[in-house]
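The structure under discussion is supplied below as structure tokens; questions concerning it will follow.
Order of writing sets the labels: A, B, C and D. Residues in every chain begin at 1.
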Amino acid sequence: MADLEVKLGPLTLKNPVLAAAGTFGFGEEYASFFPLEKLGALVVNGLTLKPRAGNPPPRIVETPAGMLNAIGLQNPGLKGFLEQELPRLQAGRVAIIVNIAGENEEEYITLAQELSAVPGILALEVNLSCPNVKQGGLQFGTDAANIGSLVARIRRVTDLPLIVKLSPNVTDIAELARAAENSGADILSLVNTLQGMVIDIAARRPFLGNITGGLSGPAIRPVAVRMVYEVYRAVRLPLIGMGGIMQVHDALQFMLAGAGAVAVGTANFVEPCTIPRLIDDLHAFLNTAGLSSLREIVGAAHH
Amino acid sequence: MLFKACVESVEELARHSYYLLLREPQLAAQSRPGQFLHIRIGESLVPFLRRPFSLAGACPQRGTLEVIFRLAGEGTAILSRVKKGAVLNCLGPLGRGFQFSASRLPAVLLAGGAGVAPLLFLARALVGKKRRVALFYGAASRDDLLPLKRLLPRETAVHLATDDGSSGYQGRVTDLFAGAVRQGMQPVELYACGPRPMLQVLTKKNEAWNFPLQLSLEERMACGLGACQGCAVSIRQGEKSTYRMVCSDGPVFAAQEVEW
Amino acid sequence: MADLEVKLGPLTLKNPVLAAAGTFGFGEEYASFFPLEKLGALVVNGLTLKPRAGNPPPRIVETPAGMLNAIGLQNPGLKGFLEQELPRLQAGRVAIIVNIAGENEEEYITLAQELSAVPGILALEVNLSCPNVKQGGLQFGTDAANIGSLVARIRRVTDLPLIVKLSPNVTDIAELARAAENSGADILSLVNTLQGMVIDIAARRPFLGNITGGLSGPAIRPVAVRMVYEVYRAVRLPLIGMGGIMQVHDALQFMLAGAGAVAVGTANFVEPCTIPRLIDDLHAFLNTAGLSSLREIVGAAHH
Amino acid sequence: MLFKACVESVEELARHSYYLLLREPQLAAQSRPGQFLHIRIGESLVPFLRRPFSLAGACPQRGTLEVIFRLAGEGTAILSRVKKGAVLNCLGPLGRGFQFSASRLPAVLLAGGAGVAPLLFLARALVGKKRRVALFYGAASRDDLLPLKRLLPRETAVHLATDDGSSGYQGRVTDLFAGAVRQGMQPVELYACGPRPMLQVLTKKNEAWNFPLQLSLEERMACGLGACQGCAVSIRQGEKSTYRMVCSDGPVFAAQEVEW
């Protein structure tokens, strides 16, 4: 059988399929569907320093071939994560990447510092792009200078592989990607959700409690693939691609565009076994195509 | 908890209301009143997310499950057209369902519209436990009322209300019940499911009565499993409030906890 | 019957439903489905000074609940339009808005000037945002200073109502909207297509001849509604909203978000009678809701 | 040209190939060989765009239309499951179809795979005009070949080719025909429909033969009407080239005009 192991800069994954941040909880809910060690990695729920209650409901709404969410980073905070969630994940031999979000730069630094001291975490993913939090999040992620200075500061406090997650709600994602690269990021992941909204006609007001939310799912896939394609041309860093992946053909689009690995988000809600099926289908694809490794197709759409 | 359930029948029970009988023995054996199924409607990208439906019944002997749903949009429209023999991709049984207390108080079930579904399952379970059960059931009009005879154990006393008075009491089901309380109803345990305004009014009225009251809530859902944190409802915990998930912490909550 | 007439600044339309630029040709193809005078207005195909051949095929591809197009502004040029298309449209009493695109600022100015001298044109729509043309188009539309100077120059040469069409491929659409407002735009229209791409797995290269294309249809509606909502808060100009409108409820979302009128694009391809049906359904909506005019709901989601 | 056509029957004719019989008298009366229908598949947003299918036949007397399609993706899969009596939302007849010249040359029709559909309609029309007609028809394998007896007038001479040799000539249909030419075929008029590489090869070979050759092309379509300018094909006009629309200027083009 062809080997699915991938190397993304300093990070080695047993296969290139990750569970995307915020869509897989801390894994517990999916553990009854398949062994979590199957995951290339589990990117755990966006973590903040202090616990966060999240946004008022309604928090989600379906849209054509997608959904909006405005969870607002509900999470148990660093301490809660380390005490309640991490030990269970480690016992299950799950490859763990922690997605972090700060309300300000200091919080990012503290999170990175403290998580670097904890054994058994594979990498950090810096969420620069959560559109559902008032302070922090989005505005960090849309300005190249901000990204540069923040990433450089985080780089100084951690030896963990550093993944920077980019927002698609920008004019020029390649510029932001270069800023992250030049400041010491090891890997870039893209995309986060597109900002959107649905209006409740009967109530004549925005449907979501938070007014706007993040659009995910197949609807955004063409935008996400385009951004991966653009960023691949702009930087030399390995990329993790995501946005609307449901099937192996979707994942292959991202890989051909330049992603060395992919993450599955919203599809987990529709079909809890999406990830193990995708891994099997990638195997089958390599065998059918007579390829020994996915490396041969990463970025191949550029040739 | 991912099952392929086989459609035994689909049937229009009342205007815009359908009865769906599924067979999946393992699922039937595990299901309890108040729990729900999260059903994938077709394999297409629209409708995209699964659709949650309360269990209106489950028979471990026959291996069958019952769902009763009202047409609401594209998903339920497609579901109303599935054919006998089709296979539905179901997650379930999800959620915690109703709490059965040790009390022997009579049970009163209050249903608004499609909210009657989980209460039918509950009624059968309570009658099975030899509890006295009354159902107060409201709908817009006579044509919207489900044929309850078929769906309920004989022992259940039924009280009907319609907005237009075409059947039973004219007005709200909460007012019908409040009338019964005024006329000296003895302490009972309450279980309710229905539109949000109905549950709010009931909770408010119950502040005076102070009966034990469980509510089955609805919220927009993505995963149905507790992973996405999408189906939050604000829950009072002493002085503080916290968000709980309708799918995994509910859908049934004690009325006094719920913050509207 | 309730009246659907709307006033958008200097522009009065018999109803608020427009055919979006590039999706209705010069009307000819749809004239056999319904009388074109029914249209609130027909925004004719993006016009350039000289004829344009457009992009190499394939030019379109379906995506989940949407499509990508990379037509590349194929059009007969100003002269061709004035000689071959305009007379027929005028004979049919169609309300005509001309969508213009230049390869550089001078071309925009020339187009605006010449079209202003032609009788029977209701307004100009300046396409700042076509992502399928190498020169001009997109880069004009993503920089506030550029928009400001271009719009100001066009303003000087035309007395026609001036509609500026904004691109959604930007970090801060409100900023661009303000730039257009401050430079003399009368009306803003939004959104144009989101830039996206599809990769052909079998061929291992981008599917479209132009590599990327513009994403339209219901998939982008949540993004478009959000942008209308944001721009409504940022400027005082009337707005024309579009992006994935198929049904009356979709149109009402845009109106509640702040659009005084809406345009229908991709839906015309799926159902050629979308626009007349939408007009009827808006009538029915007003009657059912007991409203005498749509004015009562425009922007109502902000209250 | 927007019609609601009633499904008379759907039938699997060969592996992955379906026959769809529609009734819509007005549409049938207007349809000519080489024209196509643009069919909306369901009312959902996925599949989103209409799907174009050549007319494989139209009978003004019976008011019926024939479509033959191969499973390609979600749209054709849904279409293969429509039921008798269902109503399909069709735009048509679209496009210009084949040109009938005044010549009395024998006609040779070259079909690759699903490309046979419009040629069946054409064969009947030509036979009706008392022209001699031969069909050269290639497919991957025997199981993919349509049962032509049923679909063609008796007068048509049929020559088969399969890639695996399981039926008829082993190899490409263009090679089969080239062999016939080498063996001294008299001048004929050619009409072809099939995959792009087949049409390219044929056009190339025909540079030597110089028979009149019409090609029915495919391109991704949105409107089907000529409005969106999505289905462009590059066409030679003297020294210059220009984009023409497959939907409204085609789908049939003279081979020497087409730039690949």
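Please note the rule applied: contacts are C-beta pairs under 8 Å (C-beta built on N, C-alpha and C of every residue); 3 or more make two chains touch, one makes a residue touch a chain.
Note that the coordinates shown come from a computational prediction; the quantities given were computed from them, not determined experimentally.
Comparing the chain pairs A-D and C-D, the larger number of C-beta pairs in contact belongs to C-D.
Averaging C-alpha coordinates per chain places the centre of chain B 46 Å away from that of chain C.
Centre to centre, using the average C-alpha position, chain B and chain D are separated by 54 Å. The distance from the centre of chain C to the centre of chain D, each centre being the mean of the chain's C-alpha atoms, comes to 36 Å. Under the contact definition stated at the top, the residues of chain D that touch 2 or more other chains are 45-46. Taken residue by residue, chain C touches two or more other chains at 63-66, 217-218, whereas all remaining positions touch fewer. Contact topology of the protein chains: fully connected, every pair of chains touching. Across the complex, chain C is touched by residues 1-2, 40, 45-50, 89, 91, 219-234, 242-243, 248 of chain D. Note for the complex: chain C touches chain D at residues 22-25, 28-30, 32-33, 53-67, 69, 71, 74, 217-218, 246, 266, 268-273. Residue ranges on chain A touching chain C, taken from their complex, read 63-66, 68, 142, 169-172, 194-199, 201, 204-206, 211-213, 215, 217-223, 225-226, 229, 244, 249, 252-253, 256-257, 297, 300-301, 303.
Those residues of chain B that touch chain C in the shared complex are 45-46. On chain A, the positions that touch chain D within their shared complex are 64-65.
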